[in-house]
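These are the structures in question, set out in turn.
Below, subunit A partners subunit B and then partners subunit C, in two separate complexes.
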Partner chain A sequence: MMPAMTAEPMLRAKGVNKSFGALKVLFDVDFHVMPGEAVGIVGPNGAGKTTLFGALAGSFPVSSGAIQLAGRDLSGTSAAERCRLGLARTHQVPRPFLGMTVFENVHVAARSGAGMDQASATATAADILRRTGLLALANRPAAALGLLDRKRLEVARALATGPTVILLDEIGGGLTEAELVALVDLIRSLQAGGLTVVWIEHILHALLRVVTRLVCMAEGRVLTQGDPRDVMAHPEVQRAYLGSSPE
Partner chain B sequence: MLDSLIQGILLGGYYAVLAAGLSLMFGVVRFINLAHGDMAVLGALGSLWLVQSAGVGVPLAIVFTLLGMAALGWLMQRFIFERALAGGFLIPILTTIGLGAALQNGMFAAFGSDTKSLGAHIGNLSWASWELPGGIFVGQLPVYMFATAVLVLGALHLLLTRTAFGRAVRATSTDAEAASLCGVDPRKVHRWAAAIAVALAGLAGIFLAMRAQVTPFSGPMMLIFAFEAVVIGGIGSLRGTLIGGIVLGVVQALGALISPQISILAGHLVFLAVLGWRLMQVAAAERGGWRAALSAALNKPDLSRRQA
Partner chain C sequence: MTPAQTLPMAAPDRWLIVLACVAILALATLPWLGSALIVDKLIYLFILVMFAVMWNLLAGYAGLVSVGQQAFIGLGGYALIRLVEAGLPPFPTIFLAALLTGIVAWAMSWFVLRMKAGEFAVATWVIAETIRSIVMFDPIVQGETGTSLLALNAYDPDLRRMVLYLLSLATMVVMVWGTWVLLQRRIGAESQAIRDDEDAAASIGISTFQVKQRIYIIASVGCALAGALWLASAITFQPRTSFGVQWSVFMLFMVLVGGIGTFIGPILGALLFFALQEIFGDFGAWYLAGIGIVAILFALYLPRGIVGLWLDNGRAEPLSLRKRLGV
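Moving on, here comes the complex of A and B:
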């Protein structure tokens, strides 16, 4: 179900280019996500997907092009400001604050990212830990968590910042089938609550249960985007996938 | 002996406050401030100027000095350290060495080279003492300083562990980029951490001015003591810093028992021993633990591992 053409995209990248020194990583990337929509990003390793997330979240400035959140130009805003504007991001390799407890990890995001006071940050952190299945581990140091729980914490911390858009970077990798089902249910429930989702994922069957549109990237460019079946049937997508690593 | 032990422990509070600022800057901002000792001297001479030339009472002078030093730390971070940090690891070292030299000579120009002390302005506190059973006299000033040091470091510990600001500081110190994605602005955290660190240097300077003489060139020695306390106690824990300060103070006091000239040397030697031990520990861990490292060093077959 596509929103009407007149509606404003929630998140939009316009002609985004990014070079690190002599290495050019993103070439004229154009894509948008409508409010409440769930969009998947696929593509072989090295396609620039994670770099695109870094550009969207403000981890580094883009070389040229623009990024807009709900029509607002984000150039010149720091990662922290974008977070407070409602743009949250998870990392492919989880980056918990190791010296702090699971609860503190989520609490700091609720306090600083969502700007909550002490009491509501505490309540929110507890609620999010329950929804992400981490409540029993709330008082453990984050350093004691295994990979799966670190991935959960990564999502919980992003949710605690009170986002309107969440960028999920390969949170499904390494999960069992049952855990994937739980993850898909969680993301669908978030989306049902109005959250806009952009999800980079290699596990297509999980991704396709959530997203209604796919963007396929290869070598720093958007190859094609649109209906998931059309995108996956696209000859260049087939070639990009089969050409790098057979799945 | 017992007397020296007590004096050393009390002296350790002063070293711990001095070291805590250095440790905080390194732990949170990842910035080694080689002008830390000179900033402490600035705090000492600043409070002296307030008392001697501006006619401010000692308690108020302490408050003004701490606020001024905190403001200085914030501004230094905002306008100097931030830029130095962006230039790689060498620039902060050069910047703060230069800053230290400028501070020393600036203070020399402003205050002259006379040694100065706050001791004359704090009534009988600089010599008053309590007599403990057993005929040991304990100076009141060192006791008050130690109590202040423990209170300040304890309050700082609570600030870091129990408050939203503290969590933001710890998050930034673990991973500044991940913290920024949680809505924490690392630059702001760094500025406030620098404000606290330089205020701690100022407090240490005030302590020094009360218990001893200060010259504009006292800073480098204070920096060395701060480094020694940090290394002995381990970076990143305020409790460790307090212990490091106490160990340094005790070793210096016990060294002075042997000969006054050995006092400071004894501190350096313990520092070197701890540093050497830490390095050997790292080296041993890389070789699979002490047993493996030792047997490799002794050229014997490694008994802890079987050949595959």
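Moving on, here comes the complex of A and C:
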């Protein structure tokens, strides 16, 4: 039986503005994701996509506007608290803990982010390493990983925190076609397990196999959002991607 | 399928621990056999090990590269002087002095831990110098002159030496073992994550400030305890010596030469440093040159310290804290 539909979004940004000094990078960003939904974020470089993730995850305070997780206002909560509340993120440029092993990277995330004890964190970390294809590298130093495995580790570490919402930042770049299929399968299986997904990605054909809604950003603003085909057909999106002048 | 588990400790490590236990027992019987000179020297060695292990906990595992831990070494000694002056018995007061110094570390932590890397290092040093200057205003200390822990002279010198030796040995063992246990716990993994990437650590749910604060206070109480023990063995308290930056130089040397961020490295570094002081200590300024040359040679040829000898030969690090998944 389907649960009763609630109007409450899982994650919501309301009129979010962000300036770094004189540089304004986000302008009145409104955007939401429903529970269990997968939403893609596209847009040219410098559109403010990663900055939006930073604002959602609490890497810095927003200049104005509000961010809500399951109806709860997140202003004043630190990045660590947001993670423990169930909002996990990956970094566009992977940031592994280089002095630790692959297993330890994931293990500490399960302990701190999901509050697990040693034994459950070990079991969870092993399971996630298997699902992300890193199990054979578990006892390697994270510093020995190449870029692609570091990207996998970003995803594995975020998953180990036991999120309800995951923010994925360009995890598909550089993957082969077969690896992309495996990645898409992984994200779909996570979504099937109830995870809410927000995914910034340039590789549209992979993204569109997962998301049911698309948000297009340009120059710090949401250009348009909705059904992926409508969004991609939108004239302003075409212009933003082709880079022609808007006159 | 059996649930995934981490691998148990490797056999050589277990033998190493057995060996260490035997060595500790042998050391515990030594004051009945050895000369007063050897006992005094060993007290100093134990104190060096404590300094090295505490600085490694701070800098090697939590990335908090302080050059101001002499603030707590000095304050541990100063608190001991003051409390004994107020009529407390000297030996138990060593521990009380360390705990009180922990309150100063807690107060300082709110300020210094908001700074990063170089700023943090400089701030810790400046604060250590400031604390020294303030302590010099104390009429008991009499500025540069200093004072002595005269209450200890009331004890028979042999008994005093024996008590201090056993107290130092026990404190060192508890400190080393406690650090081992601490690093196995969640806070151990969390500090290493913060050391490697503080923002990424926050993004996986680690309360970075809280973790750094705990490690900072623990390492500072440890330094204060070692500092108070050192004062009890040296008896004379001189602000320039107790709060001297040379303590930070010693700690850096021991930890870097032994192998920073490894468990056994600082202990080996302390042994080497102790041996160098014994060999070159009589050559005056040349001794400092010798220490400097050794440091340069290590930086050039063994950047990972003595523990690097194992690692470079593809062997496992002895007493490694790395958790390995059984796959």
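We adopt the following convention: the second predicted complex is superposed on the first by the 237 of 247 C-alpha atoms of A that agree within 3 Å, B and C clash if a C-alpha of one lies under 4 Å from a C-alpha of the other, contacts with A are read in each partner's own complex, and residues count from 1 in each chain.
Assume a residue touches a chain if its C-beta (ideal position, glycine included) is under 8 Å from a C-beta of that chain, and two chains touch if they have at least 3 such contacts.
All figures in this text were calculated on a predicted structure; none of them were measured in a lab.
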{"item": "Contacts of A:89 with subunit B and subunit C, given as first, second, both or neither", "value": "both"}
{"item": "First (subunit B), second (subunit C), both or neither touched by A:135", "value": "second"}
{"item": "First (subunit B), second (subunit C), both or neither touched by A:232", "value": "neither"}
{"item": "Subunit B versus subunit C as contact partner of A:180, first or second or both or neither", "value": "neither"}
{"item": "Partner chain(s) touched by A:79 [first = subunit B, second = subunit C, both, neither]", "value": "both"}
{"item": "Which superposed partner A:123 touches (first subunit B, second subunit C, both, neither)", "value": "second"}
{"item": "Partner chain in contact with A:57 - subunit B first, subunit C second, else both or neither", "value": "both"}
{"item": "Subunit A residues touched by each partner, larger count belonging to subunit B or subunit C", "value": "C"}
{"item": "Subunit C-contacting residues of subunit A that also contact subunit B", "value": "57, 59, 78-81, 83-84, 88-89, 91, 95-100, 104-105, 107-109, 111-114, 118, 157-158, 160-161"}
{"item": "Subunit C residues within the subunit A interface of the complex", "value": "3-6, 186, 189-190, 192-193, 195-197, 199-208, 261, 322-325, 327"}
{"item": "Contacting residues of subunit B [partner subunit A, same complex]", "value": "164, 167-168, 170-171, 173-175, 177-186"}
{"item": "Interfacial residue positions of subunit A with respect to subunit C in the complex", "value": "57, 59, 78-81, 83-84, 88-89, 91, 95-101, 103-105, 107-109, 111-114, 118-119, 122-123, 125-127, 129, 135-136, 138-139, 157-158, 160-161"}
{"item": "Contact footprint of subunit B on subunit A as seen in their complex", "value": "57-59, 78-81, 83-84, 88-89, 91, 95-100, 104-105, 107-109, 111-115, 118, 121, 157-158, 160-161"}
